[in-house]
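Input: structures, listed below.
Each of the next two complexes has chain A plus one other chain: chain B in the first, chain C in the second.
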Partner chain A sequence: MITELPASERPGSVGATVLTVEDLRVSYERRDDRLVAVDGLSFGVAPGEVLGLVGESGSGKSTAAMAILRLVRPPGRIERGRVTLGGVDLLTADPAALRRIRWREVALIPQGSMNSLNPVMRAGDQIADAITAHEGRGDGATVRQRVATLLDSVRLGADVAHRYPHELSGGMRQRVCIAMATALDPRLVIADEPTSALDVVTQRAVAETLLDATHRLRASMILIGHDLALQAQMVDRLAVMRRGRLVEIGPVRAVFHRPVHPYTRILLTAVPSIRDPDGKRRKAWVAGQGDDSARCFLGAACVQDRATAAEARPLMHDVGEGHLVACPIGEGDHASLWTAAHD
Partner chain B sequence: MTDPVSGPTGAPPLLELDHVRKSFSSGVGRRESVVAVDDVTLALPSERPVIAAIAGESGSGKSTLGHLALGLLSPTEGRLRFRGQTVGDLIRTDGLEFRRQVQAIFQDPADVFNPFYRVDHVFAMLGRFRLAASAGEGREQVRSALRAVGLDPDRTLGRYAHELSGGQAQRLMIARVLLLKPRLIVADEPVSMVDASMRVAILDAMVELKDKLGVSILYITHDLATAYRVSDEIFILHRGRIVERGSTRAVIASPVDPYTRQLIASVPEPDPDIRWGGPPDDSPNGTPDGPGVALSQPAAVR
Partner chain C sequence: MMPDQGSHLARRVLAVDLRLGAGLAVIVGLLIVGTAGPLVVGSAGLRLGGAPYAQPPTAAHLLGTDTTGRDVLTLMVHGTIPTLMIGLLAGGVGTVIGVVLGLVSGYVRGPVDTVIRGAADVAVTIPALAILVVLTALLQTQSIELMAVIIGLLAWPYSTRAIRAQTLSLRERGFVTIAVLSGRNSLETMFLEILPNLLPYVVASFVGAVSGAIVAAVGLQLLGLGPITTPTMGLTLQYAFQYGAVARGMWWWWGPPTLFLILLFGGLFLISSALDRYLNPRLRGVGAS
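Then we have the complex of A and B:
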């Protein structure tokens, strides 16, 4: 195994993770072609932690989320890896065990979920369905009471239970999805772009509701997104993906204020801000890093040479505080990273 | 209204909306009326190029406003003038020239391309507008415009739209606009579908169009942060009405209107140390999203 992780991050050696992903690889097969969408992805999620998984389109972030839940459909295929939740490897668990784990242990808020509610079913019945499908049919009054409590927990009135999706705004429908995802007290919520279709005022309100709901359950969350500003507001730790690989992961402040990987720095300087119009603050964050790619910017700390880097997964360097950075050797120099990002 | 409608020379504004209202009928028997743009008055000066942002959320009427400015819709009430002439009259008498002088850049560049033609087809208008003396000169103009937006002509021409990334397609549309040398560009969410690293390049290209070619831009967006980056003036649109206007820096720094204040407080800052400002929205059921006015984009810009 090439990936060199410090003890705190080494999958399997950590007691305090809810979820551990090790060396996950997912590819899409086409007739005479194979696209590796996720390549050697490893990370852990601590209890109660919100981990942001960011990347541009095609970075593999959504595929990774689906693979964690073993929801990758052909032509996609999970080639290898381990996804451990509560001591069970989800990638090899038998279907019955997997069914039990999904929703109860780990819940998904899929991309565009607010538009995938059943249009001919009242919101309350859909939440009740999520409960009874996994717990069996309980006492009707108890289920109704739980639905009311869940709606309240996402700041929706009890009357919403009787309404159909088309009678709800986008923000309200997304709150219903959050209520469904948290209905069975999961330990982990995976939310894929949960606010991306919402207006900025609604986005903030729904994002805060989502954080409240998961904090109350003491659940962990993987928040998948492309909006770095939103991630800055919501996550404890940030993982940056590019072309299927993790390029940088660390505490959110470390990644934002001391980004190391050239690609992370490109992304951060590209985010517009209404409080830092000329980007002075972010330019300061990224300044002072060398662009010489003939050797790794970490210098003597890196033992990897260019020839092996192109073949293998890059080494992850620990730059402190659990802040890990992929060796950029083999990814080209800073200028070609810019070009690649722009093509 | 106290708009700077004309310069010291008394030249008419480049674009002027004078109490413009646009309503759409809907519902059973089309008896219900939805007001998308309500009594909007604004002007862009003609003496100097500006980037004016029309910022609003979905259903605010901002796209309808853009379609009005392009002459794709006519106002229900009020007047819309381009360089002093009513847009409707201009289109009837000199439509081709108006269509050259006022160009559109839309959210999804893929909508603009005909999937059965090579992307070169978007430059066919050079002949129509008689912008090149010869076919050879036209080809060279196209190549230099592509290079100006950072596209390699040899790797771009001859391809089909689906072979381009969103960012490449949007840059191709900007190259097309460069060739037409318009006076005004209506850019409706031009960067909302491109990745962050590409977004900056497109925004910078817009500022360059203004600074180097003197083109004014009506930048329609939901994204205050990008509006802040490129625009000189801003108009905040809420439910069809302009609720606040002024220099972009002044409006963002010290908003007066309650809706504008809420909007600005909701914009996430890309810094974990600067948390969402202002009180959170605690109203039961969240914020109503407002009546959405759905309008399809024109299928192609010819």
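Then we have the complex of A and C:
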């Protein structure tokens, strides 16, 4: 069962989508060479779904998010691809359409959102600005009332509106960012490591607020991060990126319980497990990494060395339940190989 | 926070406040002399031959007279505001140009940045005084405003570089991304979102530009290239040197304008060093928490 269709158009995968990303390729031009940061990325996000996007630093997660919002700036360049949101291709939309869609349809909680508020503006004014920039200067009292409601929705008091960012704690600042992102009832929220740099307790509280807010709006969310434990609790589907490519995507339980791609496995074994307190399994993995990571884990028959793997364009193979895995080899029924190898 | 750390911080903040206060006091003092002084001493002393020539200080002429019989004290109080004016105007022009170019260069980047940054880097290496000498000689400026504007037009490279560097760092911050996403255009983003964050740097670079402009103006006047219709410290110094005040021991002639300039530069230095301290990220980081 081999296919090159994007995940969204596949049977057994998500049906109708809010966002469809097809064959997205983004590169950074340097003096005389080019770094491909996102390479042939395709996925879809269903209505109300939370999609986790994980991968190591530099794997292209944030670049992909920026490209979806068409915020990639030189020396970065979107080479090709389609990003469809509400029937409009964001990558070819004219400036007016883009302006209508951004923030109203798709909002962003930027990376390091603790430091994403303007230090010289009061929190309430910043939220109000996001509203009035799109809806025009309405009645001041109405806008103030909406700001208070939004702050309440992220469990912050109305007095926070009058405070400057440096008067708020990290968690509070992140809540303000969530309030800003949900101010215009977007269909999709892209959250780029929204809870990094917080302690575990605050992280959890902020994550719950974020989920609450998006669920209430019935909005979808792309949650970028590398905290797998947090992702496991928050997302419906998990996508794993490596070196700009999607290596595995599927329902979060399937990916956690039956990881297929060697990279996903390494990533997951890096998480300390309560069943493996001494980290024996993890150590074994790290020790054997040289051999194991060079080979596809779809089965014994699937042995391909690293050099060939890097050349080949990986196709996505379905291993069941919309669980897709990239493999450097372009042929062979890997779903059955997987089953055979794990019987 | 440990108590000794706290008191250490308090001492540093106090030291900054003292500097800023002292610097401001000096400048305000000079401003008062410049505005109230002419009312007190009148302008009779400005007339050529209005008093005995080249007299050391006496009760009638507290700072003596020059070789044309003008009262030095009157020259001083009347020259204060024009001297400060040159500095403020030139510093203002230079800072405005520098801020605009720096913001555009840092925010827009690409070829625009290459051109502006390249021009600033080159301009920094050319001695402004050399260009000023040529320009003022060509234009034969007889108004201090024109001279100030010419000086200001050449004072942009330093503030351009400082503002550009800060803009480069700020444009990567989340609030800029959010501003762009929520539909602000580039001008709004630069001037409404980024510029307010740069105000301390703008003020610091303005203070620096004012000192630089006064140095340039005095330098030009010492070379005899300034306007001679308005009394300024530079003009008084020019005459003093031209007529051999130092060799003739007429300390009351060259001394007061020199002292005035020392006070002015001292005051500006105190202000800019206090601002420097305030802008020090380490100190600011502790102070903000």
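What we mean here is this: the second predicted complex is superposed on the first by the 274 of 343 C-alpha atoms of A that agree within 3 Å, B and C clash if a C-alpha of one lies under 4 Å from a C-alpha of the other, contacts with A are read in each partner's own complex, and residues count from 1 in each chain.
By our rule, contacts are C-beta pairs under 8 Å (C-beta built on N, C-alpha and C of every residue); 3 or more make two chains touch, one makes a residue touch a chain.
Model, not experiment: these values are computed from the prediction.
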| item | value |
| --- | --- |
| First (chain B), second (chain C), both or neither touched by A:Val201 | first |
| Which of chain B and chain C A:Gly112 touches, first, second, both or neither | second |
| A:Ala16 touches, of chain B and chain C: first, second, both or neither? | neither |
| Of chain B and chain C, the chain that contacts the larger number of chain A residues | B |
| Partner chain in contact with A:Val160 - chain B first, chain C second, else both or neither | first |
| Touching partner for A:Pro74 - first (chain B), second (chain C), both, neither | second |
| Set intersection of chain A contacts, chain C complex versus chain B complex | none |
| Residues of chain A that touch chain C when the two form their complex | 69, 71, 73-74, 99, 102-103, 107-108, 110-113, 115-121, 126, 129-130, 133-134, 166, 177, 180 |
| Chain A residues touching chain B - in the complex, by the definition given at the top | 56-57, 155-157, 160, 169-172, 175, 198-206, 208-209, 226-230, 232-233, 252-253, 256-257, 266-277, 281-282, 338, 341-343 |
| Chain C residues touching chain A - in the complex, by the definition given at the top | 109-110, 173-175, 177-184, 193, 196-197, 199, 288-289 |
| Residues of chain B that touch chain A when the two form their complex | 57-58, 150, 165-168, 195-201, 203, 222-226, 228-229, 249, 252, 262-276, 280-282, 284-289 |
